[in-house]
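Below: a set of structures, written as structure tokens.
Two complexes are shown next, each including subunit A; its partner changes from subunit B in the first to subunit C in the second.
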Partner chain A sequence: MKYAFIILAAVFVFGLSYGGMVTEISGKVDILSGDKWQKAVLAMEVKTGDRIMTGMNSSIRVETEGGFFEVKELSMVTFSEARTSSSHNQKLTLDTGKVRVRFSKIIGVQSSFKVQTPRGTASVLGTEEEVGYSSLNGMSVYVIDGQVVAANNNGNSLGIDRGGHGGVSAKFMLYGNFDYIYSESGGNAPFGDNDTENNTIKYGLRFYLNRLFYFQPIPEPERL
Partner chain B sequence: MRFIAVILLIVLTAAGIYSLSNEDMRVILDKKTASIGDALYVIYSIDNPDAVMADLYGITNKRISAMDKGAVLDAGTLAVIAIELGKARGGFYYFLTGLSRYAAQSLIYDGIYPESFAWNRSLSGSELIELAQVIKVHI
Partner chain C sequence: MKIIILLILMTAMGSVPLYSLYYDFTLEDLPMMVLATDVSNNSFYSFYNLANAGVKIYAEDQAYLKFRLKDAYFDLYHTNSLYVDRLSLTYSSADVSLLAGRDYYFEGDGILIGNLADGFKASLNFLGMSERFYLYYSGFLPVEINQFDMTASDLLLTNGPNRLFGGLILEKDGLGVESIGATVLYSQDMSSNNSYDPLYVGLNAKTSITANLVSSCNILGEFGNLSPTNSIQAFGGDIGFYYLAGSDVKYGFILKFSAATGNNNTNTNSGQTYGQFNTFGQYDTGVVLTPMFANLVMAQAGAVLKAFKDHMTINANYYFLSRMTTNDSVNGFYDGSGYSIGDEISGRILYDIDPDFTIFIMGGYFIKGNAFSNEIPKYVIIGGVSIRI
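After this line comes the complex of A and B, so read on.
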């Protein structure tokens, strides 16, 4: 009984203090805890400020409160969280690579999960998403389920729903294709077999003409 | 038998030391300008995660063996490496001329390089790793 109490107390304290726990590893994954890189092992604690790096053909899954995140190969991310009695905010800073996040709101507190990149931020609003970042192409977000708000560093934001793809380009421009996953999988209604109004031809022709007579609009000068 | 075991042990230890570790990757990521040797090592490791440095000297490809491994890497040279190692498709003009500018154009066409990517642009270590990731997805 005494031991059970000690274990329960330890779990309670541990549960309050830890940020995440490693539940799956494949390949070579290192974690920078403090100032020393160490190999990631199963059930390892991931604390705020820890940096995770994955090598070739490697990935890691970390369970956190409210969901999990999965760091894909050749990625570098930093995990951080800010927790008070009324709020719990988690953040991943993605320097390079790709990360998949599933997060659902934590009951009883104001909670959020953000993926920050040098070009912009993706806020996960109770959903599942995949965020990639490269300095050459910017931030890209694939929403698997739920809704995500992508924001660039200029303060503009864009909501992307389930099945959508969007992000922030290398030139800090927001973009979005809301039916990306559906259209890629052939499930988008106006295209393919369900194309009753010949939209495929119409859009195809428009795309071809746009490419032929492509011109760059001159942006209006900013008011002083 | 014991002799063979000792040799195997030495070879495996050497492979462990020289395989593309995360430490190597961190060194490459921190570089402001990557070298051709880095690119060869990273691209070769896509299919051979336990590649050793010695493997790179065994590459008999004429275009690759003629490269100076310590020279600064540019987008065109990375494209040549990717094509010659079979990780990307080369276009008609590349196979006709062998010029790195056409190799880069082939990669732009395939969506590996962003549009308006200059072939003579030098690449940093982090850009090399990012592009290796894209090349791996496109294989």
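After this line comes the complex of A and C, so read on.
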């Protein structure tokens, strides 16, 4: 809250253009500002276009107008914002890893906070969320509070409510809370390349026992 | 021999650039012991081994070629089979996703589409909805993995059933639920066997009741021709509820009810309408008996536990199985006169000790009902490991 007040005061009194301030750091975090990588330190400004990279067991929290974002371990993000007299739009471009965002609508202007990944975008609608991205699994969204709209790159979108999961798969397929719960609870169809998960063992045995049996009955000595 | 040397060299090199391409090469072995009852209710045990040699060649991030050779050895019959079980090309972009070749073609829980086949799938995202087009064929599959048999006479086909499928699925997000889908699928029997040419139409709805509880519903109609002079008019469907909670340790429950109509028409003359619902998908009906989703009333209650960062999964299920009618005119699977097929208790424990080493045990115990002429229980227990390099 103290940092938010300092940011607001700086913006209104001095007309500064920076979008955030570092308030917490854990482990090794670097920020690319301009063309120079530097070690992140407390109270450091994070400006539009700055790139943040976190190492193993490392994280950083940046307070922004309207809330904060946390970059989790082994992540790479770029912060950007577009501000006019009537609007204030902030965006994190997540190349890999995970971020947590808390954002409340800014009073008096049209405001938004988006997390963009190569597979899709999560728009925070006055709430708190975690967004992860990897090229293997695509974009995953977990809504801690409020509501988030997840959209794939061709514009199809899906609302995800508090406590819900969703995202965009590596194959650009949009999925919501149903698909997450359905899959994790074991309801999903056992199809895929993993033979311990798919039907290969079960139906392989069915082949031997149902089909082959008619042509080649089990030899007596093999029975229990 | 040259191929084996090449495979060994590729394994030794691991994942390396191949000119401008990249590839991942995997060798996997799954040795297992099976303890079970056969179709004559005799107990047996056998060593069962699956071995995979696969390669994925990436042309770019979302375009790749998949190839996998599989060897299956079943010691009881001393049979060894070597075949290609994956040979496919995949391409994905924001608007279009394509799959061509031998791979799994499936939708949802596999109630209608859920098979390994040779074919083509196009997934499009236009007009604010998802469109998925399927065309797949079973005739090129080795008999060991051809799961398209339906009638008893299909089992006698030396090379397995020979069927062609074409279908379209339209799915729209929103509309009051999480998504609604409509399906049309036609199957043509290409073998010289008595033809079974169904046309399926279906509706599917998926929704979140709460953040932890979701539900899905399928309603399917089956029409078309049976042994050209008779027709099919049958129905099937299911409704399921799925619950999941926890973060570090996740636990969940499944409650599912499914029904597929049977045939009340005992008239075998031509020009008749038969009411038994059949699909070619691999719908989950348990582990031991695994009856087809036909002339069936099924209730499933299950629980799942995931621990150690999802490295361990434990599933337990109970299945109640009953016939809808006592007349199984198409399959002739049961030799008793009653409705009750039986009850199954089954489970599975899977533990990924390492990304390349998994230990697993699965099994089930089936108590027969009066749809069978004998009450001898059936069971299966499979235990083994998966080792990948």
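What we mean here is this: the second predicted complex is superposed on the first by the 161 of 224 C-alpha atoms of A that agree within 3 Å, B and C clash if a C-alpha of one lies under 4 Å from a C-alpha of the other, contacts with A are read in each partner's own complex, and residues count from 1 in each chain.
Everything below uses one rule, namely that contacts are C-beta pairs under 8 Å (C-beta built on N, C-alpha and C of every residue); 3 or more make two chains touch, one makes a residue touch a chain.
The structure displayed is predicted, hence computed values, not measured ones.
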Q. Is A:23 touching the first partner subunit B, the second partner subunit C, both, or neither of them?
A. neither
Q.
Touch test for A:89: subunit B only (first), subunit C only (second), both, or neither?
A. neither
Q.
Which partner chains sit in contact with A:97 here, subunit B, subunit C, both or neither? Use first/second/both/neither.
A. first
Q: Considering only touches as defined above, state whether A:172 meets subunit B (first), subunit C (second), both or neither.
A: second
Q.
On the A-aligned overlay, A:76 touches which partner chain: subunit B = first, subunit C = second, or both, or neither?
A. first
Q) Touching A:164 in the superposition: subunit B (first), subunit C (second), both, neither? A) second
Q. Touching A:156 in the superposition: subunit B (first), subunit C (second), both, neither?
A. second
Q: Based on the superposed arrangement, let me know which partner A:56 touches: subunit B (first), subunit C (second), both, or neither?
A: first
Q: Mind telling me which of the two, subunit B or subunit C, contacts the most residues of subunit A?
A: C
Q) In the superposed arrangement, which partner chain does A:134 touch: subunit B (first), subunit C (second), both, or neither? A) first
**Q.** Set intersection of subunit A contacts, subunit C complex versus subunit B complex
**A.** 135, 170
Q) Which of the residues in subunit A end up touching subunit B in this complex? A) 27-30, 37, 53-57, 73-74, 76, 95-98, 134-137, 170
Q | Contact footprint of subunit C on subunit A as seen in their complex | A | 135, 143, 152-154, 156-158, 161-164, 170-174, 176-182, 184-193, 195-214, 216-219, 222-224
**Q.** For the subunit C and subunit A complex, residues of the former touching the latter
**A.** 28, 30, 32, 34, 36, 38-40, 42-46, 48, 50, 52, 54, 61-62, 66, 68, 72, 74, 76-77, 79, 85-86, 92-95, 97, 104, 106, 108-110, 114, 123, 125, 128-130, 143-145, 147, 149, 155-156, 173-174, 178-179, 206-208, 210-214, 216, 240, 242-244, 250, 252-254, 256, 282, 284, 287, 290, 302, 304, 306, 313, 315, 350, 358, 360, 362, 380, 382, 386
Q) Once bound in the complex, which stretches of subunit B touch subunit A? A) 20-23, 25-26, 29, 45-46, 49, 113-114, 117, 126-127, 129-134, 136
